[in-house]
Structure formats: structure tokens, C-alpha cells
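The following pair of complexes shares a single chain, chain A, combined with chain B in the former and chain C in the latter.
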Partner chain A sequence: MTNTLDRRTLLTSAVLGTTATLVGATAMGSLAPETAFAARAQSPEPGAPDPNFAEGRVTARDGSMILAAGSDGRFHRIQLTGGTSVWKLRPTTLDQVKVGDGLYARGVLMPDGTLAAESIWVNIVNLKVHVTAIGKNVLHLDHNGSRIVGHVVPGTSAAVYNGKPAVSDLSMVKVGKHAQVIGAWRPDTNEIDVATIYAAA
Partner chain B sequence: MAGLRGEVSWFCCGNAWGPCGSAGHGACGTCNSGSWQHAWTNTSDACFAITRPDRCGITGVSRRTCGFRHATTNLCNGARVVTTIADCGPQTDLFCGERACCGGTCASNRVIDLTPAAFSAIGSLNAGLIPCNVEAG
Partner chain C sequence: MMGQVAALQALVIGVLLVWSSYGKLVGPLVGARARRTALKKFVGEERAEPAFRAVGGVELLIGAVLLLPPLWIMESVAAIALSVGFLGFLTYSRVASPDSSCGCAGSATAPVSWRAFGRAGLLLVAAVLASSADVSWSSLPGLAAVVVVLAEVMLFVAFSPELDRHWLLPLRRLKVRLTHPLAGTAAYDVPLATTQHQLLRSGAYRAVNSLLRSDIRDHWDEGEWRFVSYTASYDDRPATAVFAVPRLRYEPDEIRVAIVDDENGETVYRPSLLPVLA
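Moving on, here comes the complex of A and B:
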């Protein structure tokens, strides 16, 4: 992925201290260059855990360092830099990552065990659902037998009908139909904010 | 099996947070969101009876079982990831005729679901659905 490689190169440059414009990257500046490039070349075997990926819930945050408890019991230290892209319902800023949030992060695993994050997706869910009811700015959804409340966020929520460009008009989403929803979970609830709903027109 | 062109999405499995919390480890019992794995529509007769890609006109999806390797290429950027079968899915027939496009490149019908770790290696998770090509890896 060209975009990822560019971001990875940027992060590596930040680690090596050759990109002066990346705020916060100096936190990793003590790492040896050969180690950083070795990390870049890592590629897990098919089926194996990806060392350059983390998931879990944010348990603490200290400036640009995030501590996350993985659902598998592992703990992750995730370093945000000026080159980290953050998604939380929409592309947003680093300060929007809060304690209690769930996350997926992709980056470069550094020798000290810290993940230097290229991208972080906060509270993101991708649900295949059955639309059970529609109200004002809300979709009631069934996901594998569990009830999910999907909040429509004016100005943000969009619909993609049959692969056509996304539109803000969700009126063609129908009760009784299947759909796929990319959204942001509201932690510790059965509610999400809808980013994109994919549906048949 | 010749290359299969269609849509790829992602799904969570294993221990997880939020609505994914009850996902379980998939049909193979090994699925984890952080591993390079995927769901395949024809892992068994019971699986195929659920996914039914044939109802969308997709024929010749080979029977492949847990651990088989497939390579998925993102047609938007050429990025490729090789993963192993860890679950049954996607449920292709629920979305017959659906298309995913980027620029002028489009593909129809869901043919594979990747774990978040694998999908994020070839595209952004918030993209949700992207056109792809799948072949034996």
C-alpha cells in the first residue's frame, strides 16, 4: 500500500531523527537505525499474529504514549507521533484518544516493545446487520441476535448504495434489509455512531 | 481456482471489545483479530449452505479448509496480503450484486473477509469494503 509505505518511511525517518518536522517522534530517537529498518521488513507468516498490529482498550494515556489492554490479555504501549493518523468516527486529532476507548493500531514494533503507530482506529466497528426499525436520526439494528442502536450523525454519517459514491441521504436504507455499518462504538454501551452504511438501494 | 475478483471486507474474531466481544474464535477455532487470517465461503457443506456465493452468480469457489492460504490483492493500490482460513464467511448472498469501487476500478460481490490485522495491511479499516482479487497463496 503506497500510502502505508510512505507513512512508514516517514515514521522511520522520525525514529532516525532525519525528519525534523514530526512532533513527538524524538521520543523514539535513541533507537539504532539498523533496528528500525529491521522492524520495517517484518512480515508475519500467514495465520500468525502480526507484531506490527495491536488491539485492545485504552487503560492509560501519558502524553503521546497510550497503554492498551489487549483482549487476549497482552498489554500494548502505543506511541503516537505527528505522523500518526487517527480515525474516530472521522479522521481526527491525537487528543481524541481517551481512556476507555477500544482501538486497533498499525505501526512499527520497536525493539523496546513499543508500537510506533502509523494509523490508529478508535472504537471502530464493522457490523453486518439487519435493519429492524428506523427513527429520527437513529437506526435500530440486529447484529448476530444482539440489538444495536445506530445514531445518525448529521454532517458525518453517509450511505453507500451499491458501490456508488457516498451520499448524506440515508433515506433509502430500508427496514428488513441487510446492511453493513462502519461506525464508532460508544464505549460500554450497545450504541454506535454511524460513519458509513453500505446498503442496497 | 483461477483468481477470484470481488469485494473484501473485515471482521473481528477472538477475544475483543464492544459489539465484537461475543465473536468467538470462528469455525476453525483459531481466529484472532490480530492474526493474518480470513474467512472463506466454502470451508464445508454447512458453510457453503450459509454463504451461497452461487446465488450471486459466483461459480467455482473451491472447497478449502482451515489453514489454507489465500492471497488477497487490494485493486485500489496493489497491496497484497497472504492469510490462512480461520472461519466461514462472508455471507455473500445477503449482498448479491453489490459493488465496491475506487476510481474507475470496481468489483462485485463479497468473496472474502479478512481480520483487522490483515485488512489494515492492505487498506484502511474505515474504508470498510474494497475491490480485490483473491488467489491461492
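Moving on, here comes the complex of A and C:
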């Protein structure tokens, strides 16, 4: 925890320019996009699965190594590192990846076949739905005829109305209207926690 | 009174069948509607639309003869046969192709549910009752009979998902207006999604986009700023990109970025167009 706080202090002073450790000439760039360097070559062969991507259900976890069974029958070994970002309803910590969760992972395929994960999205779903009813902090949704219960998580769930910046106020979501929901699935249920709902208001 | 209720069944069934046939016969979307039902599997994709239209034609015919005088016993026998056929088809849909639309009534599509079975069952009961009628529905029925039949019609409406938007959704909207179930979500806290939305539209983000290797790794607030960090790589060295985003304002141009080397903590990149804060 102290480590995290130290790190935040360092990063805060770096970005606000109050740090003394700024290095010489190469440090100063312009805002122009060409100053950014080319991304690492990540070109999968046409028709072949992207080697730097994995998806599936977590079947086992041993420390920072995750085993996942892909929906196409492939198995993936995914290595978490200190630099891996984890999303599970919100940006969270590595220990939140649990057995039974579904995940998408992007990273770099190592020579030994493990995927060194750079980003992991756990239980993330993206659904186009009809809002059929609204209860106390719960949205009842219809997705192609299947019922889905969307739990509103105060403090985390956000709403984007008409493409405007997100707000925490979900009260303008209307019964009977279409919406798009990004959320975190609760494994083996028809329930999700709502991260962001896109709706017309 | 039962005799009058029985006589009115021809009117109820007739109206229901004519409404039901409408969605199978009229409009440019009949073919698409037909292919969404289990008929596609039952008679093949090619013949789904003609079969769907044929069912609609039979419904229209039986509905019309039920509504129009004279009174024939054959009318209600045909209605009984049709409702038994509906129940059989619904069972087939449920078993053979559960995802399909029931193609029941009107122009809306609705999946096969217990309500569809309820409606077909009610139709069967009504048709059996109609077969016992000995006068036409147009022979002035008493008030009690009308009340019973209105209750029956309401039951038909309750069993019709196609009609939900006319009564059920307005009722739910009214409930939301009265109880405000999501009012508790309004807060002064700015959601992270807002910060991210602003960040993605900033020049600072575009400038370092190709250096970023991860999604948001950490975020924290300090005064008017919200800081968001990503894993990055700079000159093939592990690094962290950190953005300072105005927390309470939408000012993408004020967003700052720095890239910090993970090993020695040095700031290796910071766009110079941004003024350094003292």
C-alpha cells in the first residue's frame, strides 16, 4: 500500500512538472502525433487467431499464472505481471481474477506459449438491450428475448445520454427504450453489474 | 347468462383471429416475420412465407365467418381445430426451435413463452364455449354477460406480449415516475467513465497513444486533478504513462501527460507545449 502511495506521489509530481528528475533533451517533445513511436509490430497472419489475444473461462489460478479454457476449445496460460491492467466492473487489482470468471486478455505471446498479459477484462459484456422495467437500483433488461437483471452500483455505474460525457445519474433511463450496456457479468447467472449505460434522454 | 356469454365468444374469437391474421398477411415484412418463426424449421425456409400467409388466410376466413351471421356450428368446430393446432405448433416451437418468434398475433414479434400457451389455451376454451351457443352474438346480450366477456378480453390482452407497450410499459413508467427508483444514483462524484471520455479526446492522449500497452491501471484524485496511469513502453523500456485530467471540468486541452521510466523513476517524456506548473 505504501508502495502504491509512493508511486502515485512520484507520478503526480512527474505529470504536473514538479519533479526534479526530468532528464535532458529527449524529454521534451511536442504534442504532434509523429513524436510518438511506432507501436510494436503486432500483425497476426491473415486468417490465423491473433497470437497476442486470449479469451475464455478461468479454470485454475496459481499465483500470477491463470489457466483459461477458450470458447473455441483452446487452452491459454496467461501470466499476470506488475504492469497488467485488470478491469472487473472498474479498474481493479490482480487478485480480483477468480476461478469461474470469463476474461479477455491482450498481451505478448512468450516463446514458451504463455501470454504475458498487458490488459485483462474480466466478465466484461457489451449488450444491446430493451429496458423492460426499473426497480430500486436495478434495471430489468431484454436482450434478444432473454431477460437480464442489471444491478446499478452507486458510485461506479455511469450513464451516457445522447453521447454526452458520462454522469453518475441514471434516473433518465426510460422504461421501454433501447440502450447499450457495458457491464460485468456475474458468472453463471443472468445478472450483470452495470458499468456504463448508453441511452437516449 | 351462460348462453349469452357463449354467444359472445364468436365475437371475441372473431376479432382475435382477424387481428392475428393482419400481421401474417399485410405489410412488406411478412416474409421476414415468417422466417423468424419455427415454420422455417417445420416446412423449410422457402415455404415458410407461403405457409405463414396460408395460416393467416385461414385465420381471416374463420374470424370473418364467426363475426358475420348466420350462425353455423361448423364455425366453432373450425375454431376449436385451429386453437388445438396453435397449441401443437407452440409446443413444437418450444421443443424444436426455442429461439424463434411465436408469430402469434399482430405485427410484433415475441418469443414463445408461457403467455403464448395461456392465450392459445384460452382460445380453445372460448371456442369450446362458442360451440354451445344457440343464438348469434348480435342478439343484445345482458350486462352481466358483457362484464364476463370484458374480463375475458382483459385476460387475452394480459396474455399478449405484443400489446405490452400499450398498457404494461406505461404502467411501469408511471411507477418509475412515482417512486424514482434510481434517484439515489445522482452524485457529485465524477465517474471514471467521464474522465476517460475526456482523456480519449485529448491531444495528450493522441501524442502517446502508441506507447500505451495497457488499459487504465490505476487512478487517484488530488484537488482539481484526477490522475490516470497506464503501462507504457518507451525505447523498449518498461514505463508508466500518467495523465492529469481536470476532474470537474471538460477541458481536454488542459490534459497533461508524462512518461516515467519504471526502473529509475525518471520522467523520460513530457510534451513541451504544456506549461510546467510551479
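Points to keep in mind about this one:
Basically, the second predicted complex is superposed on the first by the 156 of 201 C-alpha atoms of A that agree within 3 Å, B and C clash if a C-alpha of one lies under 4 Å from a C-alpha of the other, contacts with A are read in each partner's own complex, and residues count from 1 in each chain.
The rule is simple: contacts are C-beta pairs under 8 Å (C-beta built on N, C-alpha and C of every residue); 3 or more make two chains touch, one makes a residue touch a chain.
Remember, predicted model here, so these are calculated numbers, not experimental data.
Of the two partner chains placed by the overlay, only chain B lies in contact with A:D72; chain C stays clear of it. More chain A residues lie in contact with C than with the other chain of the pair chain B and chain C.
In the superposition on chain A, A:A60 makes contact with neither chain B nor chain C. In the superposed model, A:W87 lies in contact with both chain B and chain C. Contact with chain B, but none with chain C, is seen for A:H178 once the two complexes are overlaid on the shared chain.
Using the contact criterion defined above for the overlaid structures, shared-chain residue A:V99 touches neither chain B nor chain C, since it reaches no partner.
By the touch criterion defined above, A:A166 lies against chain C but remains apart from chain B after alignment on the C-alpha atoms of chain A. Counting contacts as defined above, chain A residues 4, 87, 119, 121, 160, 195-196 meet chain B in one complex and chain C in the other. On the side of chain A, the complex with chain B involves touching residues 1-4, 44-50, 53-57, 70-73, 87, 102, 104, 106, 119, 121, 123-128, 143-144, 146, 148, 160, 162-163, 178, 180, 182, 185, 187, 190, 192, 195-196, 198, 200. Chain A makes touch with chain C in their complex at residues 4, 7-8, 10-12, 14-19, 21-23, 26-33, 35-40, 83-85, 87, 90-91, 118-119, 121, 132-138, 145, 152, 154-158, 160, 165-171, 173-176, 195-196.
Across the interface of their complex, chain A is touched by residues 99, 110-111, 165, 169, 172-173, 176, 180-187, 189-194, 197-198, 203-204, 206-211, 213-220, 222, 225, 227, 229-231, 233-235, 238, 240, 242-244, 250, 256-258, 260, 262, 265-274, 276-278 of chain C. Partner chain A is touched in their complex by these residues of chain B: 9-12, 14-22, 30, 32-37, 67, 69, 74, 77-79, 82-84, 86, 90-91, 94-95, 97-101, 106, 108, 116-118, 120-126, 128-129, 137.
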